[in-house]
């Protein structure tokens, strides 16, 4: 996809860690391009559910933030995105030391974007979760 | 709905805080009944997204865990539930000191349960998020 | 919910049968109010899937059109709605001579509305399907 | 993916037109392989919604049936699949003389399968709709 603004990728990089919950979880940005993003999370015991698999909420947050970053690469400086809704399927128990997520924009839009996120345990080729997300394009808040 | 096992509610109470991520976030159980659960979360700055609203991942985790608890009230001692998938809509920005969640089982099943969760900012009558979840009934892991 | 325009209900009634596929299936409007709609479908053998249950696609179309009508009751004469996405859970096999659907707007919005639809076999109190839908508010096409 | 049973593809072909609603709509099977299916639909005016785009319900039925066929290719003679739930995003207005659908199984399972369907207007490279579906594996009904 075409980047609408050459500085968009840099803006997404700068904004990536402005969400406190994303920092708290430990999500990091790996790579970015127009319409896509790769992120990762070093798994800690606090991320587990009762059976010591990685909690669905951790996978969901990773999928959501990665999709938001992918969609934001196609925005102008005056725009940002917010998640309207998503659906996520958990395909198998997530067990591993690190999660990775890849998000791709399926439909870039002026008012709505649709993206897909796939969450992987590092080193595995088939995803542990797949999500389909709708994001709304909104006016960016003033820079801080 | 009918409770299949009179001790089911007590088991759900005991299991509620066995998920490390749920403890880490600070989710607490308020009330339980056959086919439903009420939970809450004291909001802290670490739960925010970039604009200082409560992060979608926090709301999602609350909705997911509450639905799992509601579904588990209808299980026998040999059963538990695991989330297969869910879809969540974010209806308005979540701003407040405390979130509450109410989950109701829409369809109790032998192999699959379907539940609905509504997330509220404490004191508001209309939800900030609504989720529709599918859970699989699986064999309970050995007690710890 | 408050009707924004007193003639909105009448416009929804007039537009209800402008969708060829809705006429083809046989969906009818029962009742309308601000933010809600009740519709029905007389089931015919052509609506079946392989095991002679009512096909998921029939239930989905009913849920979608009913939600669109519910959301449209809150629109002005210059607006209409279009389905952005939905998620639907099939709760049990749908067997019966007539389906009914009730849709309620959960979040009326200026650009997006969120609605819930429940599909019932006529005479049953628990739904056969439940759907959660996101609709976009768009400019109405010129009247015909 | 590995076919569990060499005759599975033939069984899916035979069962494809056992759903009355699928015949009624005019959906046809193009190609099948282990874990995937390609289907098509010749569009007629009765498939339209009010603005003469192809109705969301038509696209949904195509996506659902194609995913069911893809999942069924991995089943034994004693098994079949039924749709538990799905989520579908409509990416742009569907205008064209023929729809095509491609479904791929993302997670083949013993009790649950997860599949993705993409709906295209014939000749276009980007989909008009994308769906994520959960299917349950059930005992096949007796052959007719």
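Letters are used for the chains, namely A, B, C and D, taken in the order the chains are written, and counting of residues starts over at 1 for each.
Keep this in mind: contacts are C-beta pairs under 8 Å (C-beta built on N, C-alpha and C of every residue); 3 or more make two chains touch, one makes a residue touch a chain.
Because the structure is predicted, anything quoted here is derived from the model rather than measured.
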Review point. If you tally the C-beta contacts for B-C and for B-D, which one comes out higher?
Key: B-C
Review point. Between subunit A and subunit B, what's the gap in Å when you average each chain's C-alpha atoms?
Key: 23
Point to revise | Distance from subunit C to subunit B - Cα centre to Cα centre, in angstrom | key: 29
Practice item. With chain centres taken as the means of their Cα atoms, state the distance from subunit B to subunit D in Å. Key: 32
Practice item. Pull out every residue in subunit C that's touching 2 or more other chains. Key: 84-85, 87, 89, 114, 132, 134
Review point. Touch graph of the chains shown: is it line, ring, star, complete or other?
Key: complete
Review point. Where on subunit A is subunit C touching in the complex?
Key: 84-85, 87, 111-112, 114, 132, 134, 136
**Study point:** Complex interface listing, subunit B residues touching subunit A
**Key:** 15, 18-25, 45-51, 55-58, 60-61, 64-65, 82-90, 141
Check your understanding: Can you list the residues on subunit B that touch subunit C in the complex?
Key -> 87, 89, 91-92, 106-107, 114, 116, 126-127, 130, 132, 134
